[in-house]
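Across the two complexes that follow, subunit A remains constant while its partner is subunit B and subsequently subunit C.
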Partner chain A sequence: MQKKFLSQYEEMLLKNLKCSSSDSDNIPDHVLVEYMKKSNLSSMEGFYQEILDFERNGIDNSEKPVGFFCNIVPEEIMLACSLRPVRLCCEDYGCGSKGEEIVPGDICPVIKSICGKFYSNTYDNLEVVVIPGTCDPKAKLAEILSPVKQVYFLDIGRNSEYLGNVDVWEKKYTQFFQFLKETFHCNAGRRQLLSACKLTNARTEIFRSIYQLRAEQPDSINVFDYYIMMYAGFFMKVEKWNALAGKVYRQAKQIHKFVDKPRVLLAGTPVIFPNFKIIDVMEESGLKMAADLQCISFGRFYNPVLIDEETEAGILRALTLKDIAGSMCPCMLNLEKLVNLMIDTVNQYKLDGIIYYNLRLCQVFELQTALIRQILKEKGIPFLSIKTDLGKEDTGQLKTRMEAFREMIESRKV
Partner chain B sequence: MLKAGIDMGSVMVKCVIVNGETIIAKSAARNGPMPEIIADTVLQQALKNAEIDFSLIEKIVCTGYGRYIFTKAHATVTEISAAAKASFLLSGKQRCLVIDIGGQDTKIIEVDHNGEVVDFLMNDKCAAGTGRFLEMMAGVLGTDLHGFGTLSLKAERPVTINATCSVFAESEVISLLAHNEKKDNIAAGLLNAIAGRISTMLNHFQSQIPVFFCGGPAEIPGLKQAIEKISGRNIRIFDNPGFVVAYGAALCVFPQIEPI
Partner chain C sequence: MIRISVARRIVQIICFVLLVYGGYIFKDWKESAETSQQKIFPTLKAPEGSVSTTQFEKGSILWPSGATPVIENYPPSLVCRFNPKGGMFKACIMHFLSENLTWQTSFKYLLPYITLFIALCFLLGRVWCGWVCPIGTVGDFLTYLRRKMNIPVRRFPERFRLNLSITGYSLMVIALAISTVIGMPNYARFQCYWFLPYCQICPARLICPMFGLIKPNWKDFSTGITTCFTILAWIVLGLFVAAFYFGRRVWCHMCVVGLINSWFNKGSGIELHKKAIKCIKCGYCADACPMGLTAMYQLNRDAIYNQAGCIMCMRCVEVCPRKGCLNVSFFGKKIGNMQRRTLDAKKVSEPVRRNVA
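Right, the complex of A and B next:
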């Protein structure tokens, strides 16, 4: 009976997820071109071109693309196996609407968008999708996608306390490494892992330079270009990303743009292209995003892999320290650590306030909002929490909030 | 110095003309598909009421959701800063909390002893608890906002409204009417539901800060009492609460105001 149910269930999912390829949900070029026009850096062209190519053509099969979600899936292990990691986290209104044909409308918009993306055959080339058990919707997503893709479920406990869990994490990463080696018939080991870490550490170095530059001069690389770079990093080869980002940094460093507008820290849910609503409104309201604490940018790139012991096990342990113990996801990160990080970032870069962005229906981000608000208020740090979704109908209301926040900061300065 | 403040709300457009800090004229009209023309009409009416010529107005500051629409305005300010500015003056320059119910959003603003906004909360992307919601519900009960409040005062046994969404609340009200529930009890139930939402927002702020109430819906009979009862705080309604934000806009001379 159960078997019969499962087969019917799988058939239904297959039917829903594999609809005709004419229903493509790729992001229209003009959306990208709109942001490209706002760029003041010729060196950014390479990133925009990479996204255009990716949206049109996807990743070639010969590159052995492997899809993954969240930072706790270690890219270095995939790179060591000569695979092409492709981060699938998606925030696209069109895909989200399509995803509602598979999953309910009142669930995480990221999950809806991902389902919509699979619906449109965008990820046909992926041989394996790695889904971590970061949150409940992701865990369920592993089941939902398993009829159409080979899914590897990286089941990791949600406590980022390093000393208590490092053995378990190391074991999980070892199993994952083993799975990839068997699936893709490769003999990767310590040497390949070290090369991969070297590559991502080089990326961290460039990212840190960019982060520092933007914190001081947010318009040296405008906020759209910054998030375009982060999005391109979802699928670009690390070497190429490093080279292009290096070029952007060198060009941006020459530009000295004094910004006489409030500089703020953006924390909370990630900003993923094409869902730039929050940063569009921030810019229109005269607020400059000078630093962020989001998983797709700071969380992914800021910390290097710090290897104490250059054995295979030692490298895998170092990766768990970076990816799991250092995770920015509210499912993993202790609230106190997050608030301290917010306060430190504001103090370090002398920022004027914090905007906490909460993508509606991610309950974990939402759950901690009231507490964060209370703590920061006691510290005298201007704080604005924004709860919204992928639709644009509340843009006017958001603008009122952001402008009022700007006015509040400016009147304090006076 | 004569100045005009225009609050282009989603439901009503209000204009206040001030001489210094004194209101010398005001006017209002319902908003519609041509808001700029309505704003101009409201301004002209206020000028007529004040018996002064347009040329004597030194500055026009526009606020509200349609603040960028009125091209005659010299500057814009958000309704949050405008409400704070006016409330500080009207409250006798003290630290205070302001409840401002507008057509499409509800706000709680904390103003410090210098008259500056230190914090504010707004309802999220949802109409429940806003002026528009109250109008919708009054319509379902076959009355207007004032009649709606008056009904609630006669309630003997207010119903509990469960829906927090405007559309579902409307269905719930229709269903209650179909079950012969008294309109008085339904109206009181709806006001209690809104008062509950506002009290939840108020609870994010310290309890000893004096609370003031502005926005057109502040005049609905029974709403202030419902909020007081649920939140356990005393609330004072400003005179002419619907004009408070326009008054605040007229007073705004913040350096941050940018020309349109």
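Right, the complex of A and C next:
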């Protein structure tokens, strides 16, 4: 009975996912060009070019691309197996509405977009998709995608403040490493892992420089360029990203632009290209995004891998500490340290307020908003919680709220 | 700035060379050293005709056989025993205590030594264990070998590690009790076998002479007691090697000298500070701690953290990915940035000043 049901389900999914043609499903070029025009750095061109290439041609099969979601999946392990990690997180309105053919409309917009994205030919060449068990929609996504792709489900314990869980995570990572080695017939070990960690640590170093520069002078690299860089990091080779980002940093360092506008910290749901609505509105209403605590930028790049035991198990353990224990993902138990981090970042860079961006229908981000608001109110830090979805309908309303927030900050200053 | 773990390795190697080969290096220093320190530190000697010393010269399990007298008096033979004839400050407090309990030295002669020891302890806490201790250096080398051989570290449960200190304290009490009892006139005949009971099984007795190119007294099956001590010493040496090879510094939880040093860890000059707001609970500090301590990780408020088990290796400060979260201070004065250099942002300029109307 169960088997019969499963086969029917698979057939239905396959029919749904494979039926549509792939043309005009990708992000149109003119969206990208619009942001390219706003850039004041010539060195950013490389990133835009990379994104254009990716959206048009997808990834070459010869590089063994492996798709993954979330920071919880360790890139270093995939790099050590000489695979090409491609992060699949997606917030595209067009893809989202297509995804509604497979999944119901009133669920996580990221899941909808991802399901829609699998219509297009961008991800055709992926050999394996790694999905972590962070939130509930991700766990179900593993089942939804399993008929079309080979899916590896990375299950983890969610209490990030309990050290006993490190052993569990280490075991999971070891299994994952074993799986990749067997699937792709490679002989990776300690040395490969070490060189992969070296690569990502170099990336961390560049990212920290950029983060520091932006926190002090938000206009040196404008916010669109910043998120374009982060989006390009989803699929670009790490060496290439490092080289290009280094070039951007060196050019941006020369520009000294003093900002007269309130600088704010953007926390909450990640801003993924092409869903730049929130930062568009922020720019228009005169708020400068100086720092962020999102998982695609800060969460992914800020923490280095610090290896104490240079054995294979020791490196995997260090990776779990970086990716899971130090994670700011709301799926984990980490509200206290997230609030600490917010307050600390605001104090360190002398920021004016916090905007907490929440993509509608993401429950975990939404649940902790009230708690964060309460603590920050006690601390006297201006806090604005924004809840919106992928659509563009509420842009005007958002702008009004942001402007009111800006005026509130400015009146505090006087 | 040099990385703290590299600095620690350098200090460890220098101290090891000085302690183990110092006797060769400072051969001529003996006379002047002995006379100059007489003023402050009175000679501590075994009482005339004491059984322990007379038997010693004939050779016991403690004494490396076939060593020439000059070397015998100086470090290569036994680092813990700087000068067996008395006079110099002993590096090893356990040796010093057991010896003088047996000899029943008057407290007024001991006072300068004990004062110096306590002063050093208050100044540096357990820095001895992490930075100087020669067998700790040998153990760290074993750990290094294991890492090179890609053998994962064996992590012992916290409870087990804490119970090791109970073992250490029991050993200490037993050893000091034996030393006191054999000092009594009625039991003086046992001195030749029971003298310095802890030192007889201490791994340093066997390990350090080997580096000084001297053959230690590996075995003595002449009597029942020496046989027991020989076998015990082998077992302890085996445990020592295994503990350092498979774990990291598990041994140091039960090392008797380390335990005595640990009494002074709280309130010593060197302090570790934690700034809780910077902590993201990544657990790198708990993972990197060679003693396996997790208290630093668990702290949820700004505090000075000097736990008894901490050997002041400052590895936690080095690996912390958040700048300014963990700091080291010496008598309240902060010692510069000890974190990994590569992770700091290249240039820190002043925050932008703005004039909002």
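FYI, the second predicted complex is superposed on the first by the 408 of 414 C-alpha atoms of A that agree within 3 Å, B and C clash if a C-alpha of one lies under 4 Å from a C-alpha of the other, contacts with A are read in each partner's own complex, and residues count from 1 in each chain.
Going forward, a residue touches a chain if its C-beta (ideal position, glycine included) is under 8 Å from a C-beta of that chain, and two chains touch if they have at least 3 such contacts.
These numbers were taken from a predicted model, which means no experiment stands behind them.
Residue contacts after overlaying the shared chain place A:124 against neither subunit B nor subunit C. When the two structures are aligned on the shared chain, A:106 is found in touch with neither subunit B nor subunit C. When both complexes are overlaid on chain A, the residue A:388 reaches subunit B alone and has no touch with subunit C. When the two structures are aligned on the shared chain, A:414 is found in touch with subunit B and with subunit C. For subunit A, the partner that touches more of its residues is C, with subunit B and subunit C as the two candidates. Looking at the shared chain after the overlay, A:60 reaches neither subunit B nor subunit C. In the superposition on chain A, contact is made by A:401 with subunit B only, not with subunit C. In the superposition on chain A, A:260 makes contact with subunit C only, not with subunit B. By the touch criterion defined above, A:350 reaches subunit C but does not reach subunit B.
Shared contact residues of subunit A, touching subunit B in one structure and subunit C in the other: 410, 414.
Residues 146-148, 150-153, 276-284, 286-288, 294, 297, 300, 315, 319, 321, 340, 342-357 of subunit C are the ones that touch subunit A when the two sit in their complex. The touching residues of subunit A, counted against subunit C in their complex, run 160-161, 163, 166, 189-190, 201, 204-205, 208-209, 211-213, 216-217, 253, 258-260, 262-263, 302-304, 306, 308-314, 317-318, 321-322, 325-326, 328, 334, 336-337, 340-341, 343-344, 349-350, 410, 413-414. Subunit B makes touch with subunit A in their complex at residues 65, 77-81, 104-105, 116-120, 122, 124-125, 204, 254-256, 258. Put simply, subunit A touches subunit B in their complex at residues 286, 360, 370, 373, 377, 383, 387-389, 393-394, 396-397, 400-401, 403-404, 406-408, 410-412, 414.
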